[in-house]
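The structures come next, written out as structure tokens.
Heads up, the next two complexes both have chain A, just with different partners, chain B and then chain C.
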Partner chain A sequence: MNPLELTLGILTAVGGFVDISELVFAAQAGSTFGYALIWVFAFSTIGIMVMGEMSGRVAAVAKQPVFNLIRHRLGLKLGLVTLAASFISNLITCAAEVGGAAIVLHLLTGAPAMLMAAVMTAVVIASIWILPFKWIERTYGLLGLFMIVFAVALVKINPPWGAIAGGFLPQVPPGLSTQELLRFAYFGVAIISAVLFPYEVYFYSSGGIEEDWGPKDLPINRVTCIVGFGLGSLLAISILSSSAQLFAPLNIDPQLPGSAVLEAELPMGRLGLLLALLGILFAVAGAAIETCLANAYSVAQFFGWEWGRHKKPWEAPRFTLTWIALFLLALAIVLTGIDVMKLVEFAVLFSVLVLPLTYLPLLLLASDRHFMQNHRNGVLANGLGWFYFVVIVIAAAAAIPLFLLTSGGQG
Partner chain B sequence: MKAVILLALTLIGGCASGRSADLPAIGQMRSLAAEWASVNREAARGRLTIAYTEGMRKAAREQIAKQAQALSKGSPAAPAAAALQALPADAAPERIARLAAALKQIETKLESA
Partner chain C sequence: MKPQDKIQLVSGLLDLPILDKDYRYCGIVDDLEFEEADGALRVKALLVGPGAYRGRLPGWAFRLVGWIAGKRIARVPWDAIAEIGSAVVLDVSAETCGLHSTEDRVRRLIPHRGAL
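And now, the complex of A and B:
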């Protein structure tokens, strides 16, 4: 197997796991609760592997991207509700990523963040317009691998590996007050939401169709999901663990998107700083592309338009106009001067509400004998799928009360 | 459904009245000050770039000013907030860290109240 075949999974996972929201939540989770939330990452990673594999399999066998299924399975009215909610969620997320990338560029160059947001938007629009889909995934997926510096930095600080391993066991830290328990639950829900962001499956399944996957590609789909999402999870857990080790003793619960960079700088000096800034820049830029294209895919698939980057931009004009307009809309949101961290909170909150409506049709179709024939869900995939669906529904129900009770996780 | 909404509102109301409404702002200011101190400590060791140092200092100071405005009148954190705002961007990390520690003490006290 050509390792480059894995880049769709790497882009999806690095963009999905270590986007701007994950940088914030992983670092804050580590500094606030030590290693006690690692298991939530591990648990959610298995969930996104299961759902991602399912969406890729449905794309390969039934040639159906996720939003087609949503319309057919939920009907027009509920489908429209899902489209509207996911549109808002993806747009806010895209704006958060553009704003995050602008901050990183500002920290790299010293140029004003607003100018950098405009430059960043122009660069990603140009790269989507010019590059074929394969090269979009390869460029941003592989450059996002600079993020591995966070795993290297963790090894260099020689953390208590036994305590990190212990974090993989489901637990609630003992002796927490009621308010701290609520905060712990809020972080748990936010991590589940951020790991299982709906845009990941919209992008991944549409990407499979862009690449003309068929049943012969199912092994690649499986490996891609395991390696890609596994890698993303490893990076997020590295950020959380370094934060527990380095930030907690300094009373830091990172409030600034640029603070996570210090996790690589403290053990590795200026080289660590620059590699971490570049890694975050490409991962966040990849996430911006992912969220924007995921939104354009959803709209085009829902209304039955021509879509895809495998076509020339003028061969799918409404799809092309949609993704360009979405990027400009995201830029406009950033240019209002809204705090990127607030955008991140809203993005995560909105996403968790969309999760059940995204995953239900996928589960139904992946088990459908008529569409999937021999490749329908087996007992394990079905059992895990429904189990995670129940978890998602509970998380969605708890999200808003926990957000209000903890002032967005702040106290 | 009404009962669930009432229960949620009671919980939210209960939590807000039993704890200082300033706690989130104090916690964020404490962390921002600690982040700023770390940046200045590493900058003094010559390990950061100028763009990163200045960008982080500016962001931390802006956010601290924003959180200070959110404090209620007579908040116990107001003096520390004012002292933080009076510091220059390149203040000694020890001075910033001392104020972060003072905010942490106030935070702990309010949390246990």
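And now, the complex of A and C:
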């Protein structure tokens, strides 16, 4: 195991963990329910560790990314349904990321957000065209480490650490009205969806193929998932905790993606503000690239096209045209003027519906003796995997009723 | 697994990705073509391309896919298969079986410069 590669892999996973949905829901969860939803973040993070490790292991051993084998497992019809559903989910998520990055650029420069959305799209398209996969992943992942400012800001405000630690225990705050309970449940489902977004396993397993993983890389895969995702999740929990400490007592509802930066500005001044804006910008731009590439990977893998950014763009031409078209489509959605918060809500809602279709074939593949041989799921991975699958199915079933009953979490 | 080994056609072959001898992706096993030999059926070719979805999708979905992606079918002779595992690996180039024509057509539309 190369220590430099391992460190870079972990740091990339940390910097790339938080996306616009986690940012928004962490800030809102903290301001609305204090520390009571920290455990949902922690619980979901264990889920993405389990599923991420599985998808990386399938890629390393079967030498095929997850979506390539989803169709083989589910068949053409159900595979096509999965492709269509994940396509819509990833596209909305990508548009939410582009819109979020545009707002941050607007806050940084004062230029109109729509113009910034176009600039941002041009920059990420140029990045993917010019840089090979590893550089893209590392550049945006490592620059996303500016997000650590949120953890530093939390330490600076000297929060009640005991209350934060207590938030890791599964709980429902006492004394909530029925409507508040429904809202608490909606936030819980939204956090599960945001942490376990389907694009994450498509991107992660395809990334394993892009980097030519083999069985020798399984330890790196495992450590990256556990340590990288774990530390990344602590950043989201820092945002939630600062929000609980700073916004909740003042009844401030951080509705805009830019509101979270106040958590760094209040204790750290202009430097904190700048670092927080840069952190969010790179984390969200990285997530936009991941969602867009995950979508292009899925389409190309489903139809058996050449794919990957370890190849030159013209060596995988249909894949290249697909990711460019998807970015332009995401930009077009943002340019309609739709509220970014609505996009975030739709992304989370649609994604949770797709989650069972994403994770069922992954579980079947990772347990398959034929494909995985000695590296198939053991008792622990299988037990955890199926447990989280049941949770995901329940979350998917509850998502639309909760969305309607709470008017999208507004109460 | 070699093509002469015992293979479960649906669970072990259908819908697997296909790689040519240079390990380039060149399609999916969309359907199978059979022929009769000595009173028994044997697989003659892998069918690749959206035209092979007929019978596997409802009529409306097949027409929709055809409208978007066309209805071409390429036939990969069974003898061209080198190995079957998590993908079908051929021992010939994709071009030999007519599998890379669309990829090659689209390639001409893309500038060949600027990438590291």
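Some observations on this one:
As a convention for this text, the second predicted complex is superposed on the first by the 395 of 411 C-alpha atoms of A that agree within 3 Å, B and C clash if a C-alpha of one lies under 4 Å from a C-alpha of the other, contacts with A are read in each partner's own complex, and residues count from 1 in each chain.
In this section, a contact is a pair of C-beta atoms (placed from the backbone, for glycine too) under 8 Å apart; a residue touches a chain by one contact, two chains touch by 3 or more.
Every value quoted in this text rests on a predicted model; they were computed, and no experiment measured them.
With both complexes brought onto chain A, simultaneous placement of chain B and chain C is permitted, the two fitting side by side without a clash.
By the document's definition of touching, of the two partners only chain B reaches A:Leu266; chain C does not. In the superposition on chain A, contact is made by A:Ser407 with chain B only, not with chain C. In the overlay built on the shared chain, the residue A:Trp305 is in contact with chain C alone; chain B does not reach it.
When the two complexes are overlaid on their common chain A, residue A:Pro313 makes contact with chain C while staying clear of chain B. Once the two complexes are laid over each other on the shared chain, residue contacts for A:Trp135 go to chain C alone; chain B is not touched. In the superposed pair of complexes, A:Gln373 makes contact with neither chain B nor chain C. Of the two partner chains placed by the overlay, only chain C lies in contact with A:Arg71; chain B stays clear of it. For the three-chain overlay built from the shared chain A, the minimum Cα spacing from chain B to chain C equals 25 Å. On the side of chain A, the complex with chain C involves touching residues 62-64, 68-69, 71-72, 75-77, 79-80, 129-132, 135, 300-307, 312-315, 317-318, 320-321, 370-371. Of all the residues in chain B, the ones that touch chain A in their complex are 8, 11-12, 15, 19, 23-24, 27-28, 30-32, 34-35, 37-39, 42, 47-52, 54-56, 59-60, 63, 100-101, 104, 111. Of all residues in chain A, only 103, 106-110, 177, 179, 182, 250-256, 258-259, 261-262, 265-266, 269-270, 273-274, 277, 401, 404-405, 407-408, 410-411 touch chain B in the complex they form. Put simply, chain C touches chain A in their complex at residues 12, 14-18, 24-28, 30, 48, 53, 56-58, 61, 69, 85-87, 102-103, 106-107, 109-112, 114-116.
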